[in-house]
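Labels run A, B, C and D following the written order; every chain starts at residue 1.
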Amino acid sequence: MPSVAPTERKISIAEALREGIAEEMRRDPSVFLIGEDIGVPGGFGGAFGVYLGLPEEFGRERIIDTPISEKAIAGAALGAALMGMRPIADMQYSDFLFECMDEMVNQAAKMRYMSGGKLKAPMVMRAPVGATQRGAQHGQCPESYFCHVPGIKVVCVSDAYHAKGLIKSAVRDDNPVLVFEHKMLYGSKGRQMAGGMDLTCHVPAEEYTFPIGKAVVKRQGADLTIVATHICLYRALAAAEALAADGIDCEIIDPLTLVPLDTETIWTSVRKTGRLMIVHEDTLTGGWGAEIAALAAEHCIYSLKGPIKRVAAMDAPVPCSPILEEAVIPSQARIAAAIRDQMNQ
Amino acid sequence: MPSVAPTERKISIAEALREGIAEEMRRDPSVFLIGEDIGVPGGFGGAFGVYLGLPEEFGRERIIDTPISEKAIAGAALGAALMGMRPIADMQYSDFLFECMDEMVNQAAKMRYMSGGKLKAPMVMRAPVGATQRGAQHGQCPESYFCHVPGIKVVCVSDAYHAKGLIKSAVRDDNPVLVFEHKMLYGSKGRQMAGGMDLTCHVPAEEYTFPIGKAVVKRQGADLTIVATHICLYRALAAAEALAADGIDCEIIDPLTLVPLDTETIWTSVRKTGRLMIVHEDTLTGGWGAEIAALAAEHCIYSLKGPIKRVAAMDAPVPCSPILEEAVIPSQARIAAAIRDQMNQ
Amino acid sequence: MSVLAAEVSREVALGLHRQMLAIRRFEERVYTLYLEGEIPGTLHQCQGQEAVAAGVCANLAKTDWITSTHRPHGHALAKGVSMRSAMAELYGKVTGCCRGKGGSMHLGDPAVGMLPAIAIVGGGNTVVTGLGLSFKLRKTGQVAVCFFGEGASNEGAFHEGLNFAAVKQLPIVFVCENNLYGASTSFDQVSLVPNVADRASAYGVEASTADGMDALAVYDAARVAIDKARSGRGPILLECKTYRFIGHSRGDARGYRSKAEEAEWLAKDPIPRIERDIVRMGLGTEADIDELRRSVEDELEDAILFSRESPLPQVSDAMEDVYA
Amino acid sequence: MSVLAAEVSREVALGLHRQMLAIRRFEERVYTLYLEGEIPGTLHQCQGQEAVAAGVCANLAKTDWITSTHRPHGHALAKGVSMRSAMAELYGKVTGCCRGKGGSMHLGDPAVGMLPAIAIVGGGNTVVTGLGLSFKLRKTGQVAVCFFGEGASNEGAFHEGLNFAAVKQLPIVFVCENNLYGASTSFDQVSLVPNVADRASAYGVEASTADGMDALAVYDAARVAIDKARSGRGPILLECKTYRFIGHSRGDARGYRSKAEEAEWLAKDPIPRIERDIVRMGLGTEADIDELRRSVEDELEDAILFSRESPLPQVSDAMEDVYA
C-alpha cells in the first residue's frame, strides 16, 4: 500500500505506467512495445501519452509503430511472446479489441493449452476504457468479455501506485494479461476531467511489483461491502464518505485483478458486513459484477442479510450527449441511492 | 408446447430449422441467406446440412455463398438489414464469431441506438456451439459473450419444436438475433451422437412462431430449480429422472432465450423450490449462469434455502482428447452429483 | 485548371463551391464553439478535404447511401444532413440528426441516405457491402459510397469488404480520402505501395484517382465511378489525394509533419481554387461568390442558434432505441 | 521433369520422396483407423498436397518455425514432428505432440519449430508476424513459414499479416497451398483474380509460384524464397498450385467438383512423379525406392503400435496448462 509519508512522491497513473514500463524495458531486453501511434516523433506517445519520452530512451526498434491493423498487432504480440519475448501491445481504445478477438480469444488464450503446456504467451495488452463523451464506439468498458476467456488474466488499475506495480507484474507474468485503464484516471488532464479528484498518489521511485490476483481494501466498514473498479471506485468512496454521516459504514474493495479474483479478501469482508454491492462502468447484464454476485451467492449465502446489488452502466450503448452519458453510467448519486436502498432491505 | 397426439410428426432440429427458414423465405422476399458453403451445388448445405434443398427452391441469388470472410458476412448482413432486408447469416462454427466481433458488437448492436432510433437491424446470425472432439477452436459455446452486448438478442434452441418457432420469430424480429444451436442436437447424425437420445420431436407442419423471451418448464418439481440449455438440458433431465427415485424432485427450465430473459418463469419456480442451479456448456467464469445467479441473488434471495450452484464447462479451452473433453464439459454424472450436493446444503 | 471529361455547368460549379464553403465554415465555427465549451466531446475535422465530400456527393441522389468515418462532418453536410441537425447533434441536443445519441463521430441520417458514421477505422468497409447487396438484390438502381481513409486500407475490413463487393459485383464506390496520415502515422510508414489505388487490382477491381484538392476533378472522377457502379459493372475504388489542414483531432499539435509540407498543401486549398476556376471558366462572378458566402454564414448562424435553443434529450431517452 | 535453378542431390531427392511417402501413407492409414473408430474427432487430410509440405520444409532448419492450418498433418511430419507423437495426438493420447489437448487440427511441437496448428482459417497469418518480428529483433537468422490455403487469402488476417510483415520487412515466407477449393467453394467463385500471388503486389511483396505437384519445383522455389527472407530482404509469398485428392474433411462426398477434374489432378500425383524423376535423373534406383517404402511402413506401424499402447491423459490433466 502507498505510504503517506510527508516526503511522498506523487505522480499520475500515466506517469506510473510509463515508469513501470521503462523499468521493465531496462531490466529485460525482451520487453518491447507495439501499437498504433505510439512512437512517432512529434506524435502523441500513444492515445493517452503514456509512452512519451520512451522512444528517446529505447529507440523505435523497441517501440514499434504499426499500421491500423489490430489483428496484426495482437497476432504479432502473441507470436513474439510465444518465441520468448515480452511484448506490451497497445489498443488506443479498448473498443478496438473487438477487431482482434480471434487473436485474443482463439489464439492467445488457447495456445499454451493446445500445445499441451509446451508454450507460454507472456504478452500484455493495454486498453483504455470508459465513457468520455465520444459516443458508442469509443466509450465501452469491455473487461467483462475477457473475464470469460480461460487463459487470459484481467487487471483493472485504479491508482498510480497499483498501476506501476501491476504493469510490472503483468510484463513478468507468463500469460496473456489484459490491463484495463480508465481514460479519466490517467491524470494527464489533471483534476478537472475527473471532477476535481486528485489523480496522483504516492509511488515509490524504487523497484516494486504488486501481485496479480490481490485485491485491496480501500475503506474499512461494517455495514456493506462494495467491490468497485476504476472511476466507480472513487464514486463509491465519495458516496461512502457522504453516507457515513448517516451512520452507514461501507467497506470498499478495489479488486484490481478480475481474473484471477481475490475471493478471499472479498468473502472476508462479506462475511463481516453481510451485504454485497458490486459497482462497475461496464454494462450490467453479463458484466463481471454478475460473476462476483454468483460466487457470493454460492459461497457466502448464509452470511448475507439481504439481496446482492449491482450498480452498473445501463444496458445500452454509450450515448454521446453528456446528459445521456451521465444517465447511463453509475454516478455517485446513483451509487449512494443504491446503498441506502440496500441498507433498507 | 408440442402436442403429443398419436398423429405427431417428428422431425429433427436441422429439419425444423430448414422448414422454418423456408417458410419465412416464402412469406417474405426480403429474407435471404448468407454464409460460407451454404448453397454450392454438390456441397454441404451449410456445415450441418441445414440448408440442403433450399437453393433448389429459392435460387442462389437468395442463398448467397461468400468468400471465407466472416467480417464481410456479418457486415453484409447488417448493411442489408439496415436497408430493410432480413438476412439470415451463417457461421459454420460459433468459434468464428470472434472474427466478426466488430461487426456484431460495435456495429450491429449499436447502429439503431447511434441513429437515435431511426434505423433497425433485423438480422439473424446462426451459430453452432458445442464440443465434439474437434479441439479448442471448434468446440466453444460463446453465447455468454453476446449476452453482454446491449442491442443483441440471444436465443438457444434445444428441440425441433422451439427451433422452428424461434427461428421464425428471429427472422421477424427487428433486432440482431443470435441463434445458438448445439451441434450434437441437430439430429442429422441420428441418436448415436447424442448418446442414444431421440433428437426429434413433434413439429406442426403448419405455420406457428414461438416468442423470443419466453422460457418453458420442461419438468415440474418441488425441490430444486434447474435452468439449462442445449445438451445440458437433456443431461439435467436425465439426472433428474435418475434422482427422482431418491426422492429428489427437480423442476427444469429451458430458458430458450437468454436475452431478453424470461425471469418471471424462473423466479416463479425458484420461489417455489427455494433452490437454484444453472447448467451450461459455456465455461463457468463470466458465463450466462452468473447473470441468472446474480439476478436471483438480488430478486429471490429471501426465497433461497441454500447456495445457488452453477455447473458449467471448466474454465479451460476445450481439449481434443475425448477423455479430457468429457472431463471439462458437464456430464450427467457431474450434474447429478451437484444436485445431490445442493440438496444437502 | 482541371481537365474534365465533360463540361461543367454553372449550377454544378457554384454548387460545389457552396458545399465546400459550407463545410469549411461549419468546421471553423464548430472548432471555436468547442474551444468555448459549447460543444462537448471531441472533434475530428476535415478542413482541406472538402473537395472530396462535395465532389462525390454532388453525383449522388438522395436515395443513394453513404457510409462515413470518425471524420464525418463534411460527408454529412454534402450528403444533405442539414446544418441545423448536424450542429444540434454536436451540441448533444435532441434535435440532432441522431437525437443526441450519436455525436460528432456518428453523424448521419437515414432520411438523406447516410448511415450513422462508423468511428471504427475500416468499419464501414464491410457494412457498405450489405447496402450494395440489398440494392442489387432488389434491383433498385441505388449506389452506395463508402468513404474511408488511407489508414483504413490496412484494416482487414478493407480487404474483406472490397473482395466481397468485387465477387458479388455490387454497386459500390469505395472512396479513399488519402490525406497522407492516419493520426500521427504517415502512409509511407505503414504501406510499401504509395497509393491505395494500387491495392484494387488484388481484387480485380478497377481503380481511379483524382486530385482531392480539386472539386471539379473529384466531381468528374466520381461521376464516372458512380455511373459504372450504378450500371451493374461492379464496384470501383476512387482514391483522392488530399490533406487535412488541421490536427487529427482537437488538440493535436501536428508535430509529426513539417511546416513546409503543410504550407505546400495549404497552397492547394480547394476553396480558393474553385473560386478561381469559376471566374476563369466564366461560370460565375465575384458577386455570385459573395452571395454564396453570405448565404453560408446565414445558414451557419441559424444552425448555431437552433442548436443553442434546442432542448436536451430527456434522461429517459437513454434507454430508448436499444432494441426496436 | 522440372527445370531447376540448381542441381538436386540424391540426398535431397530421396529425402523429398521419403517425406511425401511418409505423409501419404500416414494419411491413408489414419483415414482407415478413423473409419475403424480408433481415431476420434474429425480429419482434414492432405493426400495430393504432399509436395508442398515436403518441398518447403526440406529447406528449413529445426530452429526455423512454421505455422499451419486445420489441415496440418503433412506440415507437422515434414517439419519433424515424429510419426509417433503425431499419431498419438490423433489417438488423443498423452504421448501426443500436444499431450492429447490439441488433436488433429492443432498438431505442432515447439521442439521442432512448429506452433500448434491454427484451425481458424487465416489465423496463422497474423500470429506468424510475431515469430518473424522476434527473429528480426533478436537478429537470430531464423525464418518463419506460414502455410495457408487460397481460401484463407480472403480473410482480413491475410491482409493485415502480409502488410505488417512487408512494412517491417520480416523474415517470413507465406506459403499458399492453392488447392482450388476452400471446403466446397472453388476459388474462382470467391476471387476475381485467379492467383493468390496476384495479391502480393498490393503490399509491395514479391511473389513466386511453383507447381505444387512437383516436389523438386517446390523445393527449388522455396529455397529461393527462404534465402531471401533469411537475408533480411523482407517477406515473400510463394503460391503452390495443388489439389487435395480427398474430401475437405472426413465424409465429404466431393459433389462440388467433377470426376474429370479429379482425374486430371490425380494424374499429377507428386509421388509417382518424383519416383520417375529420381530414376530418370539417375539419383536413385527402384531398389532405393523400395527400401524407402519399407522404412516408411515400419515407421508407420511403429507409430500406430506406440499410439495404441500409450496411456490416455489423466482426467486431472484437463485443468493443467490453462495458465502458465
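What we mean here is this: a contact is a pair of C-beta atoms (placed from the backbone, for glycine too) under 8 Å apart; a residue touches a chain by one contact, two chains touch by 3 or more.
In this text, all values refer to a predicted model and were calculated from it rather than measured experimentally.
With contact taken as defined at the outset, chain B and chain C are each touched by A, D.
Of all the chains, the one whose CA centre sits at the greatest distance from that of chain A is D. Our note on geometry: chain A versus chain B, Cα centroid distance of 32 Å, whole angstroms.
Centres computed as Cα averages put chain B at a distance of 36 Å from chain D. Remark: chain A and chain D have CA centroids separated by 41 Å (rounded to whole angstrom). Multi-chain contact residues of chain A (touching two or more other chains) are listed as 66-67, 69-71, 95, 98-99, 102, 106, 113-114, 135-137, 150-151, 314-317, 319. Counting only residues that touch two or more partner chains, chain D has 96, 98, 100-102, 106, 118, 120, 123, 154-157, 160, 163, 167, 189-191, 322. Those residues of chain C that touch chain A in the complex are listed here as 40-42, 92-93, 96, 98, 100-106, 118-123, 151-152, 154-156, 182-185, 189-191, 252-257, 312-313, 315, 317-319, 322.
Remark: chain D residues 154-160, 163, 166-167, 189-193, 198-199, 201-205 touch chain C in the complex. Per the touch definition, chain A reaches chain D in the complex via residues 32, 61-62, 64, 66-67, 69-72, 74-85, 87, 102-103, 106-107, 111-122, 150-151, 153, 174-175. Taken in their complex, chain D has these residues touching chain A: 65, 96-102, 106, 108-111, 115-116, 118, 120, 123, 125-135, 137-138, 156-157, 160-161, 163-164, 167-168, 320-324. Considering their complex, residues 36-37, 40-44, 65-71, 95-96, 98-99, 132-138, 314-317, 319-324, 327-328 of chain A touch chain C.
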